[in-house]
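Two complexes are shown next, each including chain A; its partner changes from chain B in the first to chain C in the second.
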Partner chain A sequence: MKDSAKPSRAEWLVTLPSFVWLVLFFAIPALIVLAFTFHGHTVNGGVGEWSLSTWRELVDPDYPTIVWKTIRISFEVTAWCILLALPCAYAIARLPKRWRAIVAGAIMLPFWTSFVVRVFAWKTMLHPDGWLQTCYHAYLHFKYWLFAWVPNVHVPTAGAGQANDCLIGIAGCAIDAAKTTIIDSEVAVVLVSVYSFLPFAIMPMYTAAEKFDFSLLEAARDLGAKNFYAFRKIFIPGIWQGIVSAVLMVFIPAIGSYVIPQMLGGTDCILIGNKIFMRAMQNRNIPHASALATLMAVSVFVPMGIAMWWKKRQAARDRKRLEVRTAQLMATGGME
Partner chain B sequence: MKRSYFSVAVLAIVLAFLYVPILLVVVYGFIPNGISMSFFDSAGHFTGFSGRWYSMIFTGHMRLNALMQSFWLSLIVAGLATLISCAIGTTSALALHKWRGRLQSIHHALVYTPLIMPDILIGISLLMLFVACSVDCGFWTILIAHVTFCVSYVVMTILARLQDFDDRLIEAAYDLGAGPWYTFFHVQLPILMPGIIAGGLLAFTLSIDDVVITSFVNGAGTNTFPTYVSSMTKHSRNLPAVFALSTLMLLFTCVLVGLSKLISRDQQPKPKGK
Partner chain C sequence: MKDDFLVFDHVTKRFGALTAVDDVSLTIKKGEFFSLLGPSGCGKTTLLRMLGGFERPDSGRIYLEGNDITDLPPNQRRVHTVFQNYALFPTMTIWDNIAFSLKLAKRPKGEIEEKVDSILDMIQMSEHAWKHPNQLSGGQKQRVAIARALVDRPQVLLLDEPLAALDLKLRQHMLIELDAIHDQVGITFIYVTHDQGEAMSLSDRIAVINYGKVEQLDVPAKIYEAPASRFVASFIGDTNFFSGTIDSIDGDYCTIQCEGFPAIKAYNDKNLAVGQRVDLSVRPEKIRVTLNPPLPEKGAGINVFASTVQDIVYQGVYTKYWIKSGSFRISAFKPHSRFLLDQEAITWNDNVFLWWHPDDGYMVEVK
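Up next is the complex of A and B:
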């Protein structure tokens, strides 16, 4: 490996194709987006003069709500994915070696069907007359039935003063539950997003778990740790790197997601992605779309930056701990 | 060894969760009525399974013209994007592996950032570029966009393969009198081939599946399979045909992967104990 400060001609030649391509079609477009945010828009869908009007328009009271909703849904989806993926990664890593590859393959296999087609399958499944909707109704009925016995719980559509009467409470809720569909709601968006991103959470965790030394868990148990305690204190820190990359692999596409809310969210679930698409393609307000895209980039890179800073700090702290420990050992002459 | 039944149960549930929609994709391909999307007629009688969508696909029925056109366009775009991104990606990975200078750290940042960008941002920034240059969107803009987001994945896959590459092999080739080109084509490239193929497969899958970026840069009237499907409504008459076509694609991929597994098993018997 050469460590020359000045790139040689050979280096330039080999680097050039990808370098030029990515500068042309990745770096420059990003700069153009940034530049467009400082322009006004023209009536016919073009880009106007330099001005700050676009940023001023962004104060629109809708946007904080939409940004917040996008971030909240992304967190929800990430949390579900991690919660489901953790036991999965653990279970796969503990399988016999031959089975591991098969199960890991089985988790990726659904992804050979087109993403849009899978979303359509969900859409058909969640149809108001479909069987999942029936299950959801049953669940809602059950929930309201459960809560109808509890006084002081606000039960929608049941009249005031009747909430204590469980019979009327159930009847009132039945009407409400019948109107609640999964499709065109946030529930559908979270459900299908978890479905779509789950393998991207399982895979990095599984690769980390595969390298994990499971005898550590047994040692912990021998020393009297309960199963869950050992899982929490030994296994999770052990695969920490995998968890961090799983979070990023889910959180980033979730922030940028626009197909799922568009197809399944209805008017209830409009996220930044949908707004960007609307502004760029339907209203043809290019500067506005650029400003929203910048906003989205910020909401991706801030958590990323924090995660990286945190990882670095963690590593520094580990190093520090090791140094302190070494110093201690040296001070006591290795006797403890 | 103590086994955790809880985690195995979660794994089973997750697998079921992942497979139910796929199963339904296969089943929905046999729905006779594309409007009601149901196996039952209005009177509630079971109407049975129907293979008409498959026969329509194979005979090239007029009704599916737009769908099939978008499907072939997807294949062409994915094929070309794979070839181009493999070529660019290989040189890029070689450069990143061989040199460590200021240039390469910029290069690495350029290759790495698209991986952590949400698709929609890549899509909109490319759209802005085409707007700024007043280029009409169509086949070429789609191809450019696909190569752009595939390259990074290809580079990462090949770089992973290069880490195991023994650099002394190149020196050995030089010592034996081979020139740089000969060494590249006869020593380095054959060893890298599995990495390039893996990267190419990844690029192909990403490209054929992409809807977000394509929907920004496809222009009016040019549709790939995913953008065509996403523009269909729930009540499009041809929805079962989409499911049937997806089933065929799934079947095709499974057969391909099965065959490649069989061939690779025949070629190199697995070392014992692994």
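Up next is the complex of A and C:
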């Protein structure tokens, strides 16, 4: 009811500064980037005449693969972050008040170190002679042994030196495993992205979980729910807003991720961010980089927009159905 | 004992150094409206939580219809709770809140709809079925919480101070409604409260609890008229205490000698001997306050004391007097059965007579 009311003058005034800020530093730059895509480029790195040549260049068959890979990895990273952050947020919110602040502080502690330094540290940790690599080898060998009975279902595509998370027949795979490193692979990118973005997932969920009324879980159990059912049906919907913010907080930086694949992805994991960097800085083709950025944004926001529109329509439909149902309920109640 | 409907068998629960429930044994009958009454922190909520399965006793067992339920988790007992803050699921509609337990039990869809619709009708909330809890008033939330707990017919319904969050008028209204619901569904209700008025008006029986122990378990009238301890007498209603020693015995009656007060005659229902120390409780409404001494035909055996009015509090239904008698300050209620202004008014510092029949005093504690 409240959201249909017209905002008052005071409300307008309060939102004005942030509106101006967004227009100046978000909307206008985004439009400039969009405008660049309809220009050609000059040899010395400038923006050329109006032309559709940039969009024509984009037909490169590599791009759909890279866009898809970026989206897929972002989804993977987001899923891992949410999955790990959910029990964390729950556990922190259930701690005694004094401990909550301490643990929340500990989660934010890595931010005191530069992001690039932290990613660089992972380079050492994932070194081919390091213990993480040793563990990874052991894991691969175990997996091959476990699935040794499976016939060669997999066509090896990855070259030497790339982690490949697929099933390989027993004969070829032992050698393959020996050559497989975590560093310079997709596994490293996902791992370090999850590490980097996890606090951004925990924090909004924890904030929501702290406001959650835990007696609701008790009520659910009282009415016959098992612990996990209560967690799923009551806790998760209860902190839904926090989960949505967490998804956005992780997914959006993951899509634009550039430092992590650059430092740890090697040639196995080149994402759209790296391509944009290459076009802008190495090829000095700003319009082309702009077109890639636009392509990425469109391929994320269009499906999101469709999903939101669909949900709204669904909600309106549900409302209508409930109105009919209430009328029925009232009618039968009156007859008795 | 195990054959009774619901049994607490020597149940003890400690939280650190605090003994919240201290060796409590209780039996509750099927279909009863049973109240656990006591001041906050007396252990009544802990008793309820042990019955709900949220706490485990340190020792003792709990039996429901002959089955030991002490170690069962909450979701495996057919015991539902109406929480003090209602604990309605905010993300679900009223209808889904009520259907929660039925859906969990995987009842057929038609049955769920029929049961939820009919209980919504019973609590007169059909038109609110598709609202969310935050769109309801306190009294409506209360009714939904009760419906949600009752819809799958539990063996016992636990109510944890369910009316505490409501204002006075609504509370009185909900009292009547709760009573009606209990009559309608015939399920055993266990009601936890610190409000003696609620407990008295609703319950078949009351257990008065203090420091984790049951002080008295009886019907409301017995609790009020024949309190088992000084605590019960003072917690339920107002009373005057006279501590003294039995001085002489005359048939069914005895005389109690208190320091700083004339001898008091009292009914010796406990057949106590001379020299016994006792606490006598006399309720304020049992004490008459008059300007003139009672007429002789009222009986020679009654207690009459000359005193002085110290304070008067007009309450509408009655007036409360604080009266100085000997070294005692005694409270007495005078009901206004006739229009007040017709009567000869008693005012401050008047010399008055206090009197009550020996049967109206009750010896609560024997030391």
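We take it that the second predicted complex is superposed on the first by the 246 of 336 C-alpha atoms of A that agree within 3 Å, B and C clash if a C-alpha of one lies under 4 Å from a C-alpha of the other, contacts with A are read in each partner's own complex, and residues count from 1 in each chain.
The definition used in the following text is that a contact is a pair of C-beta atoms (placed from the backbone, for glycine too) under 8 Å apart; a residue touches a chain by one contact, two chains touch by 3 or more.
Model, not experiment: these values are computed from the prediction.
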Does chain B (first) or chain C (second) touch A:I92, or do both, or does neither? first
Residue contacts on chain A - larger count, chain B or chain C: B
A:D213 in the overlay: touching chain B, chain C, both, or neither? Say first, second, both or neither. second
Between chain B (first) and chain C (second), which, if any, makes contact with A:I234: first, second, both or neither? second
Touch test for A:F19: chain B only (first), chain C only (second), both, or neither? first
Where does A:V298 make contact in the superposed view: on chain B (first), on chain C (second), on both, or on neither? neither
In the superposed arrangement, does A:G224 touch chain B (first), chain C (second), both or neither? second
In chain A, both chain B and chain C touch residues 218, 221
Of all residues in chain C, which touch chain A in the complex? 52-54, 73-75, 79-81, 83, 85, 87-91, 93, 100-101, 104-105, 117, 120-121, 126-127, 129-130, 148-149, 152
Spell out the residues on chain A that touch chain C in their complex, using ranges where they run on. 213, 215-216, 218-226, 229, 234, 237-238, 240, 322-323, 325-326, 329-330, 332-333, 336
Note: in the complex, chain A contacts chain B through residues 1-7, 11-12, 14-15, 17-19, 21-23, 25-30, 32-33, 36, 47, 84, 87-88, 90-92, 94, 97, 103, 106-107, 109-125, 127, 129, 195, 198-199, 202, 218, 221, 227, 248, 252-253, 255-259, 263, 273, 276-277, 280-281, 286, 289-290, 293, 296-297, 300, 304
Which part of chain B faces chain A closely enough to touch in the complex? 1-4, 6-8, 10-11, 14-15, 17-22, 24-25, 28, 37-38, 87-89, 91-92, 94-95, 98-104, 107, 110-111, 113-114, 116-122, 124-129, 131-132, 144-145, 147-148, 151, 155, 167, 205, 208-209, 211-212, 215-216, 225-226, 229-230, 232, 234, 239, 242-243, 246, 249-250, 253-254, 274
